[in-house]
Amino acid sequence: MKEVCYEHTVQYYETDQMGIAHHSNYIRWFEEARIHFFDVIGMGYKESEKKGIISPVLAVEANYKNMSYFQDVVVIKVSLVEYSGVRLSLKYEITDKATGQLRCTGKSKHCFINPEGRVISLKKVAPEAYDKLMEMVGEQ
Amino acid sequence: MKEVCYEHTVQYYETDQMGIAHHSNYIRWFEEARIHFFDVIGMGYKESEKKGIISPVLAVEANYKNMSYFQDVVVIKVSLVEYSGVRLSLKYEITDKATGQLRCTGKSKHCFINPEGRVISLKKVAPEAYDKLMEMVGEQ
Amino acid sequence: MKEVCYEHTVQYYETDQMGIAHHSNYIRWFEEARIHFFDVIGMGYKESEKKGIISPVLAVEANYKNMSYFQDVVVIKVSLVEYSGVRLSLKYEITDKATGQLRCTGKSKHCFINPEGRVISLKKVAPEAYDKLMEMVGEQ
Amino acid sequence: MKEVCYEHTVQYYETDQMGIAHHSNYIRWFEEARIHFFDVIGMGYKESEKKGIISPVLAVEANYKNMSYFQDVVVIKVSLVEYSGVRLSLKYEITDKATGQLRCTGKSKHCFINPEGRVISLKKVAPEAYDKLMEMVGEQ
């Protein structure tokens, strides 16, 4: 597995007066797709929380290529860029499902901390997810 | 004191493709004004939380009269409708600051609970706020 | 056909610091379900816009029964309350898909106008949708 | 003038279940501050629209340094990074008003187009704003 795909339908309340999906929503679609990515690698948010693992967003960027419109179905492809054992980088590619047109590319950076805010070792607290991430790194 | 006024400037990201402020934002503006109302009567959210008081929204309604546009400054007037000691009802009137035009009227209902979800008596845990609310009831 | 059902998954960005879906999102979920309702009766937003039909929200209300949490799948059931040929009232019932627990009930009122803001007759501009709505009124 | 400052109060509906302002909101605060920046240099959105000038977001990035909480007042400082006559880059620094703590830094890139989507020359359609931007470039 090298990438995970997730679909989102552009909602009316996501449009702005330019008649397009407001650019801040893409950051939210990244999150939707990222949560799905973590589910797929066995690190679902709810279970992670139980284990005391929090993964805040350290940085995010988006490069807008083409506009998205109300009721467009967009496909958000997430893939691993880097995982050092401490920091994780993901990249995103959003395309229009119907036409394949590229809409946006992006990146995000994360770390894993406990509820007290201390950096934790995934290898210890979530060894299966750690192995899966390391395997993905190896595939690149 | 019978009512509290609060101002909000309509943001670009609050507009939709009809070129107006999306109707769901008015519900958020009610909340902004309500939080200000609670601050004014000495029941600020942060202090209430410390005392273990949570006031969930039980119901909300909005009647849209005229549209609001990007960069409009709207005035949200909040006043007490009813306070039984257990349930609290507030009403809202949103007008355009520049023209006075009525934009929206609304209502919301609330109760006060502790973090375990049990209904609590304001009279016991926040007597000053209780007195202030009762005084406002008396003024009506 | 008496009602239309639509599903929504609660997103992380829809939660608030009480750890639940913020109450304003339910108003947006009503809209998502309503747009689906209009699609089903052959009055999709995009086609309606081309015909010059706009249907603003005149009023909305929500009664919150139980809280919704991150990743809950909720089912929004929309049905017609009233259609006079001019005004349309819809009602909503939101339940948790997994448990069937009632989360929220609500209503919304709408009219149909042209881009100039004048009330229009659906019977003339969208006769099939008019017939479908009248049929639904008859079924009640 | 080298930079413009703008204040935002963190709203309850901007928090998420981690108890902090959701990271997507910072992108919206950048926009609030940017609109203020354009107002200050005499290129307010409303007037620009009348002149047929649209400035879409080409790219945005945010680097989160510290968390923001409900009712924090944050100061967003916007300054010009680059203006080529065609493309404009802005940078942002968000600090907590009370403590001065750095919360977030960011950047955004923009161009100026007409409603048909063709790149336009600010020098021709908005000479005063063009001069002001060039003056700011010179000051760096």
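Residue numbering begins at 1 within each chain, and the chains themselves are lettered A, B, C and D in the order written.
The criterion applied here is as follows: a residue touches a chain if its C-beta (ideal position, glycine included) is under 8 Å from a C-beta of that chain, and two chains touch if they have at least 3 such contacts.
Quick caveat, the model's predicted, so the values are computed rather than measured.
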Quiz item: Compared with chain B, which chain's mean CA position is the farthest off?
Solution: A
Practice problem: Look at the interfaces B-C and A-B and say which one is made up of more C-beta pairs in contact. | Solution: B-C
Quiz item: Which integer distance in Å separates the CA centroid of chain B from that of chain D?
Solution: 30
Quiz prompt | Interchain centroid distance [CA atoms averaged], chain B/chain C, Å | solution = 25
Practice problem: Starting from the mean Cα coordinates of chain A and chain B, work out the distance between those two points in Å. | Solution: 35
Quiz prompt | Residues of chain C engaged with two or more neighbouring chains | solution = 12-13, 18, 24, 28, 31, 70
Quiz prompt | Interface residues, chain B side, partner chain A - complex | solution = 12-13, 15-20, 22, 24, 70
Quiz prompt | Residue ranges of chain D touching chain A (in the complex, touch as defined) | solution = 18, 23-25, 27-28, 31, 54, 56-64, 67
Practice problem: Over in the complex, which chain A residues touch chain C? Could you list them? | Solution: 11-13, 28, 31-32, 35, 45-46, 70-71
